[in-house]
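Each of the next two complexes has chain A plus one more chain, namely chain B in the first and chain C in the second.
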Partner chain A sequence: MADKRMTPQEVVGRLESGMTIGIGGWGSRRKPMALVKAIVQSDLRDLTVVTFGGPDLGILCTAGKVKRAVYAFVAPDVAGATNKNSPVLEGHFRKARQSGAIEDEPYDEGMVLLGLQAAAWRVPFLPTRVGLGSDLLRDNPRLKTVTSPFDDGEELIAMPALELDAALVHMNRADERGNAVYLGPDPYFDDLMLAAAKVGFVSTERIVDTAELLKEAPPQALRINRAFVTGVVETPGGAAPTSCEPDYERDEDLHAKYMAAAKSDEAWDEFLAAWEAK
Partner chain B sequence: MTYSTDEMMTVAAARHLANGEVCFVGIGLPSRAANLARRTHAPGLVLVYESGTIGAKPRSLPLSIGDGELAETADAVVSVPEIFNYWLQAGRMDVGFLGAAQIDRRGDINTTVVGPYAKPTVRLPGAGGAPEIATSCRRVIVIVRQSPRTFVDPLAFRTSVGDRVSTVITDLGELRREPGSEELVLTCLHPGATVEMARAATGWTLLVADDLGETPPPTAVELEALRSLRPAAMALH
Partner chain C sequence: MAVLTSLAEAITANVGDGDMVALEGFTHLIPFAAGHEIVRQGRQDLTLVRMTPDVLYDQLIGMGVAARLVFSWGGNPGVGSLHRFRDAVEHGWPRPLQLEEHSHAGMANRYVAGASGLPFAVLRGYVGTDLVDHTANVAPLACPFTGERLTAVAALRPDVTVIHAQQADRAGNVQLWGICGVQKEAVLAARRAVVTVEEVVEELQPRPGAIVLPGWVLSAVAEVPGGAQPSYAQDYSTRDNAFYEAWDVISRDRDTFLGWMRTHVLDLVPSTT
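And now, the complex of A and B:
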């Protein structure tokens, strides 16, 4: 039986500069932050990051790892100690984007979903009405329109496949072969990210025996199949500062440090030290 | 009873949601108003949040669309991919209820950038799901505080198309777009607001309806219900 256990460093060893990496989770929820940390500590660079963006993209931007961001939003999502009034503004991404440090490719959430689906189905695009009339078409050169070949002749947006070189996701439990379950309220897009990728890596709170995977969850929570997984990494607390319900909520102290870290080099160093210590 | 302009805005917005309608709710101001409606005149309002919670009946205001309170009180919970594919894009929503960073005279919304796209002066969070909410729901209500920074024409970036925007509720009054008309018209002022204030807070020449109305002030029942809506985790702060 294949044992796919790895360390975060071994996962990073399978990645290369210039790759397109999909990162699972959503906003500040169940992000594979231990793997993101290993990227920050590596010499990888010029990554294209596809994400429903939260601290993963923000941190990689400030760490200088990102060449291009592919996303529908980047937001901390939940108001917290350092952003009482705004659940939406993310300083790291904003700084990188406004200074011209990164390129970007803006979409709508439903479009990113369809782009991952197209990649997972190995088709070049999927048609959608979403985004017609929006300036997303004007400023994202990858977006084109397509005319229905059927009698309706409707003009639709052709959402290009978002093919990933690798996908990184974080799940509550996994076995050493790469089967994995989520125990929280939502699978997010993690299974789709893995299906859209050439290789997939799952970090998890705990590696358990296959027979125990469904002890805490119904069968439909077994969302990740080992066929899509190259490596499994046991990283208890590995989503922090993002949440990993029901195992833990967002780490508000560390999240506040991350939010503040966009403001100065000293604050960034302070955040890295606190994150390192976790 | 005294009340703030924000309270008036929220109450006015809540009144636009009818009992039994299915409403796709954005977090923040829209969520506050939609939950007020559900606790006053529209107990059968079906609240749908992007996190896949259908028929959510939160006992406290959710802090985000993924707040556990929404899932725990919902009639059904589907995954985020499903909410986009089968519920939103398939046109199953009566009302889309959105906030905005900026809005123009057509009801188009910008949540992407201020300034040129390639070199923005302010980078906003991005589209999120707003473009498909704006074009998939049968009608769209926008709630936004009115100022020369938010009421802008032309927009630097049209994130979401305003074709289905029927009503815009602000802290000064209400704007509507009649079917077939291109432009939003000020149809109602909240008590204490004037046409001059609304014009000064608008970045284009604001159209004003001939039969300009005044919003009835919040009732004691509305205010009480609104003030009892507390964010779930205020203790956090």
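And now, the complex of A and C:
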């Protein structure tokens, strides 16, 4: 059986500037941050990043790696200091977006899901009602509409396929062939990211024997199929500062440094040093 | 919400004359017992829907319950033609049967659209085939991004979908496993859904690759052990391959067929458990 183990640097060696890269996880949860770190340390640039965004996209923006952001949201997942119900904005992404440093392609969560599904099914678009009546048709010029050719004549949004050159995801356990399980509360859309991509890379807390994949998880947690995986990278703690439940929660200290790092170059350097020391 | 009831009551309450009825299953888990109950209750003018209609549909068509068939592929798997299906198409016996023929991918996409509440689904199929010119509910569609000629298929929304599964719990949640067809999509696309199961258990245990249908998407669940025979239910029964071969002989002759149906279907008292 193929042994697909590789290092983060070997994963980056398979990527090229200008590629469209999907990053799994959700907000500040189970992001493949060790692989993101390897991208930050590389000379890759002009990436189009497709993500349910958190620090993955924020860090890549501030590190100057992003040409275009394709996203359902970009959120730090923390409550506000003055109002606990008010979400805090993602400072790194906000800065890059408002300064025009990156191109902006916003979608609704359901649309990103369908765009990945279309790519996975190898159809150029999927019709949906998600987003109808919203400002997305105005704010995202890539979106189009499609009219039902049947008697109903309904006009729907045509969600374009989000075809990925590569996908990066982080899972709790994987075998060396690329089968992988999640142990936390949610699979997110990591399996769909891999299916939508030409090549897929899975970082994991621990590589285990295939027979042990289901020791800690029910069968339905075996979401990642080796057929969609080119490389497996063992990166203990590799989701930090995002959470990787139940192995660990979010690293609040490092995450706070990350949030503060949007304010100044000094704070950014301090965050990078702290992150790289992990 | 699903009610646990008898097969006879489930069919009486959910299958009416003129309904569009999908009895799904793919070699495995074909709902023979439920189909036979539809025959016993004398339903008429049904539009039958099915990917891979096989012996059960031959029986339904031969008994004259169907006015129309919406399908992809038809046959006695591994044996040959369906002779009652042929007789209905070629000679209108016991009544004429209108056909709407699709590809498998087309049918699966039509169920997905129905289950998604969308008017149509998009696929690359049909292009270059003659089905487009002969089949309703298929239309060419230009991709608004690439201009590529794609195919739109209209959503399928059966009045009722009928399937067979291995297990249900007492709340009417259903689990099926092994080779699955398009059961999940067909159930979610339908206005009503009837499930026969091998066994009602206290608690459904998670299984690799299993499909769980929550009770709130189902109308009725009936315990019918062996309800898929001569098809099979993995971990409960094996396929009666000899019967499928025997059917080729039984079904060639109208009277032999009617005699078999009388003995094995019409004269049987339905389960009332």
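FYI, the second predicted complex is superposed on the first by the 269 of 278 C-alpha atoms of A that agree within 3 Å, B and C clash if a C-alpha of one lies under 4 Å from a C-alpha of the other, contacts with A are read in each partner's own complex, and residues count from 1 in each chain.
By definition in this document, a contact is a pair of C-beta atoms (placed from the backbone, for glycine too) under 8 Å apart; a residue touches a chain by one contact, two chains touch by 3 or more.
Values in this document were obtained by computation on a predicted structure and should not be read as measured data.
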Practice task
Quick one: on chain A, after the overlay, do chain B and chain C clash, or do they fit? Just give me the call.
Solution key: fit
Fill in the blank from the handout: Rounded in steps of 10, the angle in degrees at the Cα centre of chain A between chain B and chain C is 80
Handout entry: First, second, both or neither for A:93, with chain B first and chain C second
Key = first
Practice task
Compare chain B and chain C by how many residues of chain A each one touches, and report the one with more.
Solution key: B
Practice task
In the overlay, answer first, second, both or neither for which of chain B and chain C A:228 touches.
Solution key: neither
Practice task
Considering only touches as defined above, state whether A:258 meets chain B (first), chain C (second), both or neither.
Solution key: neither
Practice task
Check the residue A:73 against both partner chains and state whether it touches chain B (first), chain C (second), both, or neither.
Solution key: first
Practice task
Tell me which partner A:129 touches in the superposition: chain B (first), chain C (second), both or neither.
Solution key: both
Practice task
Could you look at A:182 and tell me whether it touches chain B, chain C, both or neither (first, second, both, neither)?
Solution key: neither
Practice task
Have a look at where A:201 lands relative to chain B and chain C in the superposition and call it first, second, both or neither.
Solution key: neither
Fill in the blank from the handout: Overlay on A puts the nearest Cα atoms of chain B and chain C apart, in Å, by 6
Handout entry: Overlap of chain C and chain B interfaces on chain A (superposed complexes)
Key = 128-129
Problem - Contact set on chain A toward chain B in their complex - result: 26-27, 29, 53, 71-75, 77-81, 84, 87-90, 93-94, 97-98, 100, 106-110, 113, 128-136, 138-139, 185-189, 192, 245, 252
Fill in the blank from the handout: Given the complex, residues on chain C that touch chain A span 117-124, 137, 139-141, 143-146, 148, 150, 152, 154, 206-210
Exercise for the section: Quick one: which bits of chain B touch chain A in the complex? Just the residue numbers, please. Expected result: 27-28, 50-52, 63-68, 71, 77, 79-81, 84-85, 88-89, 112, 117-132, 135-136, 157-161, 163, 231, 236-237
Handout entry: Complex contacts: residues of chain A adjacent to chain C
Key = 122-129, 144-146, 148-150, 152, 154, 156, 158, 160, 218-220, 222
